[in-house]
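You will see two complexes here that share subunit A, one where it goes with subunit B and one where it goes with subunit C.
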Partner chain A sequence: METGPLLAVVCLFMPMLSALLIAVLGGRMPKICDLIGIGTMGVSLLCAIVLGLGHATYGAQTWEFTWITMDVGWVTSEPLSWTLGITVDGLTTALLLVVTLVSFLVHLFSKGYMHGDDRYVDFYRWLGLFTFSMLGLILSDNLLTLFVFWEVMGLASYKLIGHYFFKQSAFMACKKAFMTTRVGDIGMFLALLAIYLYTDSLQFKEIFANLDMIPVGAQFWIAMGLFMGAAGKSAQFPLHIWLPDAMEGPTPVSALIHAATMVAAGVYLVGRMYTLIVLSPGALVIISIIGCFTALMAASIAFTRTDIKQVLAYSTVSQLGFMFTALGVGSNIAWKAGLFHLATHAMFKACLFLGSGSVIHGCHHLQDMTKMGGLRKKMPITAMTYLVACLAIAGFPFTAGFWSKDMILQALWAGNGHFDDVYKIIYVVLALAAAMTAAYMFRSYFLTFEGKPRDQHVHDHAHESPWTMTTGLIVLATMAIAAGYKWHDALLPNSPGGLEGVLSPIATFAKTFVIHGEGNEVAHHAHTIALYTSLTVAFGGMILAGVWYMTAFGVGLRQKMRAMIGPLYGWASGKFFIDEFVQMVFINTSIFFAELTSWIDSALLDGFVDGTGSVTMKTGAASGVADDAIVDGAVTLAGNSAWWGGALLGRFQSGRIRNYLFGAVASVALFAVVMLYIVAR
Partner chain B sequence: MGELTITHFLVLGALLFSVGVLCVTLRRNAIGVLIGIEIMLNACNINLVAFSRYTGDIDGAVYAVFVVMLAAAEAAVALAIVLHIFHHAASISVDDYTEMKG
Partner chain C sequence: MNLTLLLPEIIVIVGGLAVMLRDLWLPADRKDGLWAWALAVPLIALAATFLPQLDVAARISVDGAMIVNPEATALSGSFYLDGMSMLLKRAFCVAAALVILMSREYLSELNRGQGEFWSLALFALSGMFFCASANDFMSLFVALEVVTVSFFVLVAFKRSSGTSIEAGLKLLVMGSLSAALMLYGIAFVYGASGTVFFDQVVVNGEVTRTGLRDLLATGQLVYSTELLIGVMLIFLGLGFKTSAVPLHVWVPDVYQGAPTPVTAYLSVGSKLAGFVLMLRVLEVFSRSGPMVDSLTPFLALVAAVTLFYGNLGALPQSNIKRLLGYSSIGQCGYILLGIASAWTVGISGTLFYMTAYVVTNLAAFAVVILVSRATNSHEIDDYSGLGRKNPLLAAALTVALLSLAGVPPFIGFFGKFMLIGSTFGSDELRWLGLVGMVNVVIALYYYLCVIKRIYMREERHPAKSVVPLRLKVVLAISMAALVIGGIAPQFLADKTAEIAEELQFAPRPRGGEHR
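And now, the complex of A and B:
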């Protein structure tokens, strides 16, 4: 085996080892399970870093093994074999780094945050399994194992969201997350079947080599099926409803699963299957529209949330919308922009979530921002890192989020030659969503850390978190800036060749996805416009939030603006009633059908079965009566008649010898008379 | 009056037998029953002797002698039984002795 795949395999199986070791040892030695988790994740992270540094050497290696060989002699003379394997390329390396880094820091963070939890051991075990499945998903070189890991991840996510399962809301949330993603998985599974049907393989390289075997009509539906699965996992409208509820899980879980890794799986799937998806411009534009709509909708809901984690949850939904909007363009730069934003978003959103976890921990499990305020002095490290991550997500210049968001806007403006007008509209809407992002993120920062304490009690008891928690914050805050430079040649933002630099593992993987030729001039033009737009929206949003929450007339201004937009605020506050709609239309309908079938079952089928039973019972009773009356009667009668006969005949046994003798003589006399009569005749 | 023929003897025998049977069946006294038996045996003897005379063969008379001897033995045994019954039941009425009642 080559060095690259070997490192990848070690990286993949370390979290599995962690889960197994904790499962075996956890019961006896609950104290060391966190060390097992952190240690194994550290090894994984090291492997990923070595892979990343040596990317030029290890790039694009695959390691395959034959999983199963079937003799199908009646079809072809060659035995059919299934080859599974892992692949190490630029995209894999980049995501391995992201996942192992966030997972390692979350393991470390949890040591402080989950301290004293009753189900501490279980928590680490599922964390290990989750990381294993996420890494497996990234490393899979075929859709089959990808789908398996995809589902295992759903299970791990279910267990982690439901960590506090004794709470009704957490229990409902994990069920909702599982069921909602399952809806998307149906589409993905159908797409997998269709791909296998047409190309006879689920391996990426085989699929991409046989793309011309997929008919044009099927390309659209396969792309939509894959996107449906991705939308379920990555919380896109209308399957986004599970993610805000999933905040019921512990905060480190929110950081790992619902910010950095699992929700990224959908984006990764679309990115991985991009060669197939770009074949259908119709599917692309639908992906873009849905992503853009999700981004705007979730951003507007985020304004109305007062729970700090809820703001971050809707922000995640919104940012994932950004990624899909970018991927929906279908050009080379759009592909890079989407996945680049995935990587940078993972860094600053994990930082924000862990920051919120630190705040919640410091405020003794308080999540309501309206009771916070002025916490910066109490928790300086948390406040600083949160501010850096806020700047990154808002798109402040020279942070990671600035580069990736700028690239997305640039890709949108350039378009792909089809539906360019639509992409221009999307560009405007997405710019608005970006401005809103900056505003609501700074709203959360100002409400939490700045201003005067709104609840003196909470403020007095707030404290900075231990080093296990702040380490992760500092590393991630650094990455929230540095991530932009790792994948992006920041020194030459306007240079057409800058993005193709060898610094980017993604760039080396890049293929030509362009549907329509994209000249350098267009790209350059797009870049200039996108740069101005992203700067405008970032500063606009931040200034707006500052005016709203940090100035004297901010309160009045907020009320005036609320009145101006009319019922919109109420709608956003009610999350646009999508949950209610789903409840009413889908869930109630399902419940109605469930009750209907239950009624059919109990009334008709049970009635039939019960009827059969009661007929049998009645028949039995009747035959019992017949048995008693007729058969028993006959037997008794036989006995009785013998008895009666004996009694009757016993009368003749008088015991008087005279009588017997008389009988004998009388019989002889009678006999004689009869004989005489016969003889005389 | 005609000549005395075998018919007369047979009729006498039959009448005697009938008297014996009636005596056995109707008498309650055990001694009476035994007397009835003796009468029946003697009725048989008359027949035996009559037929012996009629056929000119001595065999019948010999049988009659045997019967007389048998009757004596039988009377001895029977009287002993009657005595025993009397000791047992303080009565010699055959109707009092119904051990064979079913």
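And now, the complex of A and C:
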């Protein structure tokens, strides 16, 4: 095994080791489970850093493990080989860095935040399993194991969101998260089946080599199926409804799952399968429209939230919308922009979530921003890091968010030559959403940290968090600025130096499909426009928030504007009633159908079975042998009455040996008769 | 006479006698140490199977035809050593060693008859060895009876318990019936062919007895209804050992009633002895095309009924030993899938599955022993909360049950895949593969029900199981085998494929197009 894949494998299995060790030792030594988690994640992080720094040397490598090769004789004349593998390329390396860094910091942060929790050990165990599945998903070189890890991650997130399962709301939230993402998985699974049917493989390299075997009509549906899976995991309209509810989980979990990892999985899937998805311009534009709509909708809802974590949740939904909007363009730069934003967003959003966790911890589990205010003096580190992350997400110049958002807008303006008018409209809407982002994020900052304390009691008891928690904040805040530079440079072709090696393979990969538009001129033009736009929206949004929430004049202005937009505010604060709609249309309908089928089952099928059964009983009295055959037959016919069938079989197991002997001899005779009949035929 | 070939058998028989004698001289308070003597025997026998002297080519080529190598036979041709018998003997040694490790605690509780128990277990092992090497119907019958008679006593070993006695009696009565059926079948075969030998016996270059393989190969013995009835009756008799329908009725009762270590031994040793003889008889008669054509639907029918019986019957069970009893009937159905398909891949899968089954089932029974020692119960409900009380034990049981259910990445998965896959090669047996798949789903349900109780229910018995070192060894070995066999199954799969080639079954399935 070469060094690159070896490092990746170590990186992958460390969290698994952590989960196993904690499962084994946790009961006896609950004190050290945090150290196990932090230590193993540290090793993982180191591996990822070495991989990143040495990417130029390691290059794009894959490593395959042949599980078994055997002659099966019926599939092909070739022996059937089962191979699993990992692939290490630019995209993988980049995401490994993001995931291990955030996961490591979250492990560290949780040591402080979850201190004294009853299910501390369980928490760390599931954290380890979660990270393992996310890393496995990124490293898979085929869709099959990717899908397996995808589902394992669903399970782990279910357990983590439902950490406080004794709270009804948390219990409902984890169920909702699991079920909603499962809806998306249906599409993904169908897409996987279709891909396998057409290309005879689920290995990425095989699929991409055999793309011409997929008919044009199917390309669209496969792309949509994959996007459906991605939309479920990455919370895109209308499957975004689980994410805000998932805030019921502990805050470090939100930072890990809802900022950097699980929600990124959908974006990663689209990014990984981009070579296939770009074949269908129709699918691309749909992805872009849904992403843009989600971005705007979630941003407007975020304005109306007073719970600090809810603001961040909707902000995440909105930012994921940005990524999909970019990916929906289908050009080289769009691909880079979407995944670049994924990486930068992971940094500043994890910082914001951990910052909110620090606030919540400092204010003794208070999440309502209307009761905060003026916390900056009490929690200076938290406030500073939160401010830096806010600047980044708002797109303040020279922060990470600025570069990536700028690139998204640039990609949109350049378009892909198919639906350029649509992309121009999307551009305008997304710029609006970006302005709103800046405004609502600074709203949350001002409400929490600036101004006068609105609840003196809370303010008096607030305190700064311990070093385990602030370390993560400082690192992530630094990354919220730094992440924009080296990566950005590396992503731009022709630019030298820095960590170019980390992401340059992406560039070569991205070049393999056609860049629409007229090359550099268009790109340059788009760049200038996008730059002005992103500067305008960032400063516009921030100034607006400043006026609204920091000046006396702002209060009246807010009321006036609220009156001006009329019912829109109410709709937004009601989350556009999407949850209610889903409840009414989908959940109630399914419950109705479930009850209907259950009625059919009990009234019709069971009646039929019971009838058959009682008739059989009477016939059976005549001959025990006939009983065996017919009851068995009827029971198997009923299908879902397998249990009943089992109980019936138990009746033959009377324990009386004379019955056994009779049964055995009779069935031997029966066998003989049946066999001789078959043979004589 | 080539007695070297019989070295493992000799070791086991002498060892059994030695343990019995040693028991006489040991004072009562030191009898607990006897297990180490007993354990040494299968281990030495296992080592002996690796001797180069035993590595004799099973077949040789004479005039372009592959025939049995006389050098690989002993006892006037009654004893035959080939790849299959070596593999099975090793599996039997491992099974016996693990069972002996499991039985020590049980026996010291019983505080009586340790010497008999160990020597009976070893005699049963010698019977299994002879089963693996049987090369005529008489030695087949005698070897099988050695196993069965040993088990009559072992099952009824707990004389103070009514259920144990009852189980022993049931086994005895049903065993006698099956022996009668089998002898009747052997009589039919003898009547039709005039011989009970599988191979011709050559003394001083002169053929003194004709053999079935040669008669069938040269066409001197042709297909006839008597012959078919005979072979079918033999299969039914062997089906008693393997717990195939219709002679399976004893299984749940005896599994429940017998002492748990004996149940474990019964579920792997006795069962595999039956299977290896089924394979041997099938191999002999596969020389005749019409014979295979008639046997296939029969075996397929038995397999399908056995699958449904075992898996449906397991659903409502509330006692773990009974559940494992029904599950063992179901597992027998899977192995029969491969036997019914009667071509290289199916036989390879059968051997793979048989080997995997030893460690899987023994692991499950080891946990059952440990849990019942703490809770004094075999109710599945008493496994509730095991995941919290004994996380490692719970994990071991979970892995064993998942492997039995055929969930990757454990070893059972590949076995099931090969067995079900082998039926898809033939158009006539494709339905049987579908039956197998349906049963995988049914079986998954009841295995998962146990796992659900382990992890998702509040505990009913606060008592934690104390795991003695011997059982730790059992669990460590079997878990390692389950996981390593699942991650790297290639070694075993290659081995079984090689053996299946050597057995000269049809290289392609009957009625199957080579696509």
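Criterion: the second predicted complex is superposed on the first by the 566 of 681 C-alpha atoms of A that agree within 3 Å, B and C clash if a C-alpha of one lies under 4 Å from a C-alpha of the other, contacts with A are read in each partner's own complex, and residues count from 1 in each chain.
Methods note: a residue touches a chain if its C-beta (ideal position, glycine included) is under 8 Å from a C-beta of that chain, and two chains touch if they have at least 3 such contacts.
Everything numeric here is computed off the predicted structure, so don't read it as measured data.
> Looking at the overlay, does A:Ile657 come into contact with subunit B only (first), subunit C only (second), both, or neither?
A:Ile657: touches subunit B and subunit C.
> Residues of subunit A touched: more by subunit B or subunit C?
C
> Is A:Ala563 touching the first partner subunit B, the second partner subunit C, both, or neither of them?
Neither partner.
> Could you say whether A:Val24 touches subunit B, subunit C, both of them, or neither, answering first, second, both or neither?
second
> Tell me which partner A:Ser667 touches in the superposition: subunit B (first), subunit C (second), both or neither.
After superposing on A, A:Ser667 lies in contact with subunit C but is clear of subunit B.
> Once the two structures are fitted together, what part of subunit A is touched by subunit B and by subunit C alike?
Dual-contact residues (subunit A): 649-650, 652-653, 655, 657, 661, 665.
> Flag every residue of subunit B that touches subunit A in the complex, lowest number first.
Residues of subunit B touching subunit A: 21, 24-26, 28, 94-95, 97-102.
> Please name which positions on subunit A make contact with subunit C in the complex.
Against subunit C, subunit A makes touches at 23-24, 27, 66-77, 632, 635-636, 642-643, 645-647, 649-650, 652-653, 655, 657, 660-661, 663-665, 667-668, 670-672, 674-676, 678-679.
> Name, in rising order, each residue of subunit C that touches subunit A in their complex.
Residues of subunit C touching subunit A: 169-170, 173-174, 177, 181, 225, 228-229, 232-233, 236, 245-247, 249-250, 252-253, 294, 297-298, 301-302, 308-309, 312-317, 343-345, 348, 388, 391-392, 395, 414, 418, 421-422, 424-425, 442, 445, 487, 489-490, 493, 497, 508-509, 512, 514-515.
> Within the complex, which stretch of subunit A touches subunit B?
Result: residues 649-650, 652-658, 661-662, 665 of subunit A touch subunit B.
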